[in-house]
Structures are given as structure tokens and as C-alpha cells.
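Take this structure, written in C-alpha cells, and hold onto it; I'll ask about it next.
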Amino acid sequence: MIADEMYALAKRLWPINRSLTGDGVRQTLKILQCQLPELTMHEVPTHTKVFDWTVPREWRVRDAWIKTPRGERICEFQKNNLHLMGYSVPVRATLDWATLNEHLYSLPDQPTAIPYVTSYYQERWGFCLSHEQRNGLDRKGKYEVYIDAELFDGHLTYGDLIIPGRSSQEVLLSTYVCHPSMANNELSGPIVATFLARWLAATPNRRYTYRFVFIPETIGSIVYLSRHLDSLKSSVIAGFNISCVGDDRSYSYLPSRSGNTLSDRVALHVLKWIDPNFRRFSWLDRGSDERQYCAPGVDLPIASIMRTKYAEYPEYHTSLDSLERVVTPKGLFGGYEALRRALEAIEANVCAKVTVLGEPQLGKRGLYPTISTKETARNVRTMMNFLTYADGINSLLDIAELGNVPIWDLYEYVETFEKNGLITIESSNS
Amino acid sequence: MIADEMYALAKRLWPINRSLTGDGVRQTLKILQCQLPELTMHEVPTHTKVFDWTVPREWRVRDAWIKTPRGERICEFQKNNLHLMGYSVPVRATLDWATLNEHLYSLPDQPTAIPYVTSYYQERWGFCLSHEQRNGLDRKGKYEVYIDAELFDGHLTYGDLIIPGRSSQEVLLSTYVCHPSMANNELSGPIVATFLARWLAATPNRRYTYRFVFIPETIGSIVYLSRHLDSLKSSVIAGFNISCVGDDRSYSYLPSRSGNTLSDRVALHVLKWIDPNFRRFSWLDRGSDERQYCAPGVDLPIASIMRTKYAEYPEYHTSLDSLERVVTPKGLFGGYEALRRALEAIEANVCAKVTVLGEPQLGKRGLYPTISTKETARNVRTMMNFLTYADGINSLLDIAELGNVPIWDLYEYVETFEKNGLITIESSNS
Amino acid sequence: MIADEMYALAKRLWPINRSLTGDGVRQTLKILQCQLPELTMHEVPTHTKVFDWTVPREWRVRDAWIKTPRGERICEFQKNNLHLMGYSVPVRATLDWATLNEHLYSLPDQPTAIPYVTSYYQERWGFCLSHEQRNGLDRKGKYEVYIDAELFDGHLTYGDLIIPGRSSQEVLLSTYVCHPSMANNELSGPIVATFLARWLAATPNRRYTYRFVFIPETIGSIVYLSRHLDSLKSSVIAGFNISCVGDDRSYSYLPSRSGNTLSDRVALHVLKWIDPNFRRFSWLDRGSDERQYCAPGVDLPIASIMRTKYAEYPEYHTSLDSLERVVTPKGLFGGYEALRRALEAIEANVCAKVTVLGEPQLGKRGLYPTISTKETARNVRTMMNFLTYADGINSLLDIAELGNVPIWDLYEYVETFEKNGLITIESSNS
């Protein structure tokens, strides 16, 4: 059910022409606001200095196409926004094939795919098309090229959402809204983030405050950090960059720069129990906004839980990364569940301390089978492992790792043991 | 010779009906006192509060049997004390087969074995028998059941023995005396402990004080800890729980809870050199009194050196765990030797510091061959490895590990080098 | 070219009869002074106390041979100085075969090799010869033995050379000059050391001071340490013992005693990138002057980068370890290059800190390709890995290890990034 809702929302967002800036981002955020009324939209003016960067001009596209010598319109932006190179400058010209060809982008190795190409920081124009189509172009005659676009001083747009908890300590969830019509990278991120926010908002008695950030990649996280760095550095205790969470082919982990934050430990634990064959990447394989969140001097504890990682599947950054071909309801739900379990684990990661010396007598509390055979001895073991490691130093995550069980198997015991006075609880965020 | 003495003592202790409490424990300890005159017996009253537990009533059995419809006596306690469920309440009744059957325990998978079953903390009665025998019982006619036992306010009995050394720092050796007629688990433990105590008492100039504890499992160690916790925490620098040290099929190691105490390091070292194929268990595999000694807040440095571990051999906790079938003189002696070497290593684990800068000239002290060839170079290496690691920080155990030799190969050099003034010695217990 | 120069120098030094002391050492150092005019020779009197040792008498040999019953001269020192046992006392005698035989040394397993045998600290005389030749000796008749040698109160000779840098912190390079005519062990060491010193002297703007030591093995390093211990302990931040660096069969690493000094880390890094199959030895395999430099209480950070290690090749310590058979120009140059790269890495091992928050915008500095495709993304990665790890804590060596690239691939970026103001540089020697 959630799976289907997620997929339906993805379909709705699919055709929008998102980019670093522009109305596509605004339309996307407005649709998300229907799900998350508290989501706030922010506008940052072009030319604003942000750390080492400057907010670029806003890009607006109305139409774009090529007319062939035979009068056929191809590479129509209206039909597939990938046909137009991102941030293309306007052009209206008649060209021969050779000149046009310098502005065409295709993939010889994937002849049916339209590649995704952008030129944010160098003025260019270009069209992207399948290699098959390109090979079929007449080399004689004139081509008409039409790009009705403008680059102008406007704004960069992003959204954020705070879901407060008992503590002002925060968990940061960041995803991006700057990719045109591609599915795993990247409609899956904002979809999963949206449903995580819905789940959290509906979960009573949250321990931590949750901050969701919907931004354009790179420049967006740099903008966000430049505006909130000090407060994020003092309050964020864990978090995840959410990208490529929509296909059902694998699970993947990419660490924070240090590799040993709470986010890393939780991600590794959750993925190990969800899918023992999950793929473990290194910081050298990074490629999304963790590059900013974990930069030296920023040093936020942000790791990535993904399905199949960007640059690791053949459809990546092409028109083949579609809702029909790559992303599925099951894939989206799997990405959601992995992250939901990770957030749940962060919430549950208390520090328990057994209140008695020596092993507790479970029997007098009705927790122990009253006859000792080979059989019943095994049944008691799970409880006893919890209690033996509940030394007031180990966190629940430590106890789960030491006892070799998923942390969610322990949630009921935290409650039972605390009710029985067998443990006391302190909070922990390590 | 020691092997045979150990086996003879095991035979003598075999028929006694040991349990958590009762005369069987007292008889056992009295027999051990013939070997260890300084062994002291202690009595703790029923109902005494000990940490989270209460000392149970004392159990006394005079006789127990079942009379079949044909008038045959079976499950006679006098013939095999395993026939009677431990802590059975008294009963005298005539029953049909169906009612009796609810009180019978057998093992379908091991049809010739009488299982070992107890019900310490829930009032019950029951008989244990081979599955073969159970299957042969008439389903018609009346059975007469007779258990002449009582549960009464009496005492829990245990023994301890202090063998003083130069230092008040202690090595704790604990074993249990609560199992009826089974051999590896557990006659082997008290036998090996007794002979270790005899060896220590006969060893002059001991560095550490040795504390031997003979107790019923679980409740006994909890009683002992509740009476001596502070003094044990301040004085015990190492120790072992002694159980399952009597068969000759394997060697096993089970760590302390932290896994990195002196006891752990010594156990791993000794076992590696005695039997490179020794089995290494984890704290998750625990199941004896290390559960109490290493509990959070108790935290004593207690590891286990075993032959074949409880629950890891087919005869475990059945009548098949016998002196004929499982435990051998060689097995007992092997258990004794492994622990003796471990205690020897703890005694010998000094910190040596070389007195000269650069490599010492062994030649002028008569320690170096006077001609240098390929051959003699190798012979000198063992001595040189000792000296290069004798930096005043490494303990003898460290030096043995670094030099990849058994620690006992170094004992002679400690003496030689100290005599020659090449090293100075400081004590170490890490 | 350097390779050929090295080989030529080796040929020139080959015939000299080096030993712990004597004119052979002086001649060798004088020849090296032609290459290194600043190399200083030092003389230490016989009987000088050095740590646990005493400087031995000086050994001078004029001639030595055996005349067979047939009048043939064999084992002529003038033809091969290995024929005479090192430190042989003088003798002139006529002997039967049986008596002579007690003074002969040969290798049954290597019947064509003359072994290298010495007796520094016990007065002896002896001749070394091939086993084939020994087997052919007449057992009848008289042999004339002639050793015109003397052991007298003289001096032990060694050389050292300081190449000053901006810092008074030192890198220590030590090699030995006490082996007669053998090539890999040991003409290669002094040859490679000489050419490293030439390279350093010609390298402008050195950060560290370099100390080269040419000594007899063992007693020489003990002498040197006894004279310079305090200053070396306070100034040496890295260094290598240079031995067995002349054949072309393998690369080898032997650690310092602690195994984790800057020298160890640099050696492992350089060898990994030069030859992934390099052989990694342990401190237990030591056998050269690292034994003194890393002795407890001396504790200098000295590791070894070698080609094929002493005692690990069949020709070791025999006449077969020759310039024709074992050492090659390519082998010498490979040893030189590995050590040169190690010294270069120590010089370059600064601590870089990125000056901007978030990822720097390489584009505005002309460092980033202006179009983003799958292709160009990979090309940028090397630069970005440098910058992401340039946190002011990681050294350049750390950054290379983290980024999985040879440190020399980063040298250009240090310059570029510093020039662009993207990083600031602090020195590091860890």
C-alpha cells in the first residue's frame, strides 16, 4: 500500500523538468507539500556567495527541438526533457550537419539510450539523443535548431522540514530535486524522504528532532550548509543522504568520511540483517551530497543507505533509468524500510544497565521456563545475552552486535526488562 | 601416575548423589578434604538472600522407584541417581500409565540414554529413563510410584581453600560439585581442581595466592560472590572456571566477558601451543559459572580452559557421560596439564628489562658460539629474540607471543639472563 | 647511466679485503670519498668500551695460502680473500691432512662455493674452500700452511657524512663496509648509500638533514650509537639500514622493532607501489644493524628496504654472491630508486589543510572540466580525493594511502593547490 502510494507519487513527479534552479524545482516541492504541509520553500538569489561557490543564474526552458533537412522534428524537449543539455543557452539557427554534430551527445555503447548531460558552469548548448538516432541523421542539407530558454538573475529554490522531538539533537535527512526525468537517480530519493517524513510525523513521542532537506545536488547542500553550518554542527548526531533508493536489485552502503559515526554503525547493522549480500562501498566511491556534509571542517555524521548506487547500474544517467525499467514499488518500499529501520534504531539506541549483580533470576519474574532441559536452555539465551551485555556502557546497538541479533529483536526486551526493574535506561547517541 | 590417581578419585566420587544442596555435596567435599586438608566447608541457610536470588531448600533423597503392573521395579534411584529428576518432591501413589507418563523424561534421539533433568525452582516430581525402556512400558494396569525425598529448610554447602603466596593478589579457580553421576560434566572439574591445588601447595615460593572454590553451579557462585565480592574484585588478577576437563577428544577455550584479560591471553597462548586445533568459543557460547564471575558489575577476569565443552558432545547431560565412555585418565591429565601450564605462565609472567644498550655481547658471558656460520646463527636467535623484546614494557607472555615460542621455552632464560645481569625483573600482571 | 656508474664503483671496490677493522675499510672509504668529498673518516682505538662491547684488535693480512704435498698452492688469499677465515691469527706450519682438515671450512650442499667464515671474538685460524676442492685433497703427505697476518692494538675505522637541510631533524642512513668480496651482501649497501648521498647533495632546498653512516656491522653501529646516542635519539625522525640492495630478483621489507614508525609506513607504501609482490619480513627475521638501532633503549625509527634479503638467497655468504652472478646494474638501480622514493616521500610528507568549507569549486580555478559526463567525472576524482582528505590532520602519506594512489602522484597537486590557495601546508613527521 505504501509501496503503491510511493510509486504513484513518483509517476506524478516524473515529467517535470527539474534542474539546479527553475520552476521544475518549485513545482516538485509544491507537489511534495501536499504530502508534507510543513515543508517550507526557500529562495536564494543568483550571485549569492556560498563558501567557495556562487549561486548560478536561474534557468527557464519553454521549448527546444531540431528540425531535420526532411522537415522532421527530433530531440523534442516537450517529449523528453533529457534531449536538451541541462543549462543550454538559447539558440535559433540553421546549421549544416557537421556544425550541429558538435552539439550532439550520444552513447555508442548504449545505442538506444539518451544520455543525461549538463553544463552548469560553462555556457553551452546541446542536444542529447540515442546513438541509433544520431547515426540515422542525413549528412547533407540544413538543420534548424531551436532552443527557447533563458538564463537570468533569479533564484535557487530548496525546501526543508523540521519534525521536532523531545531532544533538540537532530537527525539530518537530505535528498535532491534537481534531476529531470530519471527514476532511481533521482526521483527515488525525494519519494522515500517524503514517506519517511510522513511516518515520523505520525510516530508519537519521538526522541530526536528530524530535519529533512530537499535541495539541488552540490550547490544546494553548499547553500544549505553555508546558512546553517554552526547549528548543524552542534545538533546533528546522525543522518543519511538519500539517493538511489528505488530499484530492487541490491542494497548498498557508502560511509561517512570518517566511516565510524553512529550513522555508519546503524547503516551497517541494518543492512547486514536486511540483506547479508549488501554492497559495501568506500569513501572513494562517493558521488552525492555526502561530499559536502562530510567535507573537512563540516564533518557531519552522514552516511548513505542505497539500493543500487549511482554509476553502478547500466541505466544510470540515461533515459533508460525509468519508472518502467528500473524503479519498482517493491524497490521504493525496500529503500524506505531500510532507512525507516535505521531511524528506528537511532531512536532506540539507549544505554541499558542491569540493576542486579550476577545473573538475574528470571524465574521469579515469570520470564524463565520452570523446567531445565537441553531444549529450554536455548530459549532463554537471547534474554540472557541482552542482560549480560547491559553493563551501562554498551548501547543497544552494541548489545545487538555483540549478541549477533538484529536490534529490532531487542526492542520488546527493553520494555519488559525496564518494567520488571531489571534494567535502567540512559540515553546514548554513540 | 597422576593421571591414574585422578581417575581413581573420580571413580570414588562417581556414585554420590550430588545436587544443589544436600549430603551428596557434603560427602564429596569430605572426600576431597582427604586430598586437601585445608579445604574448608561452609553452610549457608535456606532462604538467605544472595543478590537477586534466594538459597533454596535443602534436598534429601532416601529412595525412589517405579513398580510396573507386572511388579517389576524400574527407575531405581539406588541403581542410578539420574533416574530421579533433581529436586523431585516426595510422592507415593498408584497411577495409570497415562498419568505416570506426564512425569517421565527420555530422549527419542538417544534411545539408550537416561537424560539429566532438574526442577530446582518449581515443585515437581519426575523420573528419567531411556527411551527404549519407556517404549516398553505397559499402557494398561497400575504403576506404583515411590519417592522418599524431602525439601526442607537446611543449608547450601560449599568449600573453599586458600593457598597463600608472596602476594595478596589472587588467582581464582572455581569448579562445581552439584552434578550427580556424570563424568565430564561434572566430575572432571573437581578432580582437576583438587590436583591443581595439590600441585600448587607442593610448589615452593609461589608468587600469587590461589583461591579454590568448590560450589554448586549458579546459586553457589552467586552465594560466593555475594559474600566476597569486594575482596575478590580488589585481589583477583586472573582465574579459570574449571568444567569439562576430563575427556581426550579436544581442547576448548571460552573467554571472559571482556575477552582480553590476563586469563584470556594466557589461555589462548597455552592452548595454541598444546593443541593448535583447540576450539575457540565466544562469550555467546557461555554456560557455566563464568556467567556469574563476569557479570556486569562483578567483572572478574575468569576464562575457561576445557577439553570438550558442555553441550558440544553427544553424551552431555545424560547417563552416557560416564567414566567408562567419556572420561579417561589421559583426558583428565590433559585438562590438568593445560591448566597447570596456564597457572605456571601467570606465575612466570614477569616484566624483563635488558640492562645494556644495543645487543648484549653474549660471547663474553659464554652464551654465544665462538664461530659464526650459517648454522650457529640460527641457534642464537631464540636468546636474541628474548632480549630484543625485553624492553621493560613487554611481559614474558608478550615476549613469547612476539617471539612465537611457548612461554615455557623462556623460563630458563629468565633465570640465566638474570643471573648474568643481562636483565632486571619487575612483576607484571597484565 | 646511474645504474652503470653504480656497477662500475662496485667493481672497483670488489677486490678489497674488508673486515671489521683494517686497511680494507680505509681503502674502501677513501674510494667513496672520491664520490662524497664531505665523507669523514673516524678511528676508534682498540679496547675502547662501547656499551656492552669492546673494540677488537685491528686485523692486517699480507698473504695466506696452503701448499699441498704435490707442491701446489691453494686457497690463495691473493686470489680470493674469502679463502682466509676472517680474523685468522698468523700461522706458519707443516701439517698432515688430518690436522689441517680441522681448520678447513666448506659447504657440502654447495660444493662449488667458498663459504664466508669469520671468528672475530675467539682466536682461530682457518681456510675456506669449495667442497669439491676439499674432497680432492691428498690424505697423505705434508701440507704447508702460511698465514702472514697480525692482530694488533690499532683502530676501528668508520665514515660518516652529514648533508644539512633546513631542519635539524635528521634522516639516518646506515650501511656497512666490513664484508670482503661479496656483492649483494655487501657491496650493494655502500654503493647505493653513496649514490643516494650524491642525489641528496644535488637536491636543492632539502627539508631534513641527512646522516650517512658507513660502518662495520654490529660493532660499528654499537660504536656509533655509543658516541651519538643522545643526539640521534633527539633528532632522527626516520631512517633505513641499507643492505642487500643489489640483485634484481625481489624487493623486501623488514620493519623496525615497533613496526609503526614513519620509516615503516613509508617503506611499505613505496614498496607496495613499486612491486606489489614485495616480500614482507618480520622483526623475527632481522639480522643487520637494525638490531642495534632498534634495540630497547635505543629505539631509533630504522626500517629496511631491500632487494633479496640476506639469508634468503642461495649464494648468501659464499663466493657465489658475486657481481657476475647476483648483482646487476638494474638490481642496484632498483634498490637505489626504492630508497630514493622513500626519502622523497619523507621530504614530501607535509600536512595539507583545505582552506574552503564544502568541496572547492575547481572550475573557477581552471582545474575542472567544463562539461560533466560519465567520462570526465572520473578524471576529477583524483584531485577531489586529495582535497577531501586534506583535513589538516592527515599527512600526505595518509592521503595517498586513503586515496589508494602512490604518494608521488600527489606531489604536483600539493604545488598546484597551494599556488591556488586551496590548501595550506604544515610540516609533519608522523
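Read from first to last, the chains carry the letters A, B and C; within each, the first residue is number 1.
Assume a residue touches a chain if its C-beta (ideal position, glycine included) is under 8 Å from a C-beta of that chain, and two chains touch if they have at least 3 such contacts.
This one's a predicted model, so the numbers in the text were calculated from it and none came from an experiment.
Contact topology of the protein chains: fully connected, every pair of chains touching.
Two copies of one chain, chain B and chain C, form a contact in which under half of the residue numbers belong to both partners. Remark: chain B and chain C have CA centroids separated by 55 Å (rounded to whole angstrom). Contact with two or more other chains is made by no residue of chain A. On the side of chain C, the complex with chain B involves touching residues 50-53, 105, 115, 117-122, 124, 218, 221-222, 225-226, 229, 257, 283-284, 286-287, 291-292, 294-298, 311, 317.
Here chain B touches chain C in the complex through residues 353-354, 356-361, 363-364, 368, 370-374, 377, 381, 384-385, 388-392, 402-404, going by the rule given at the top.
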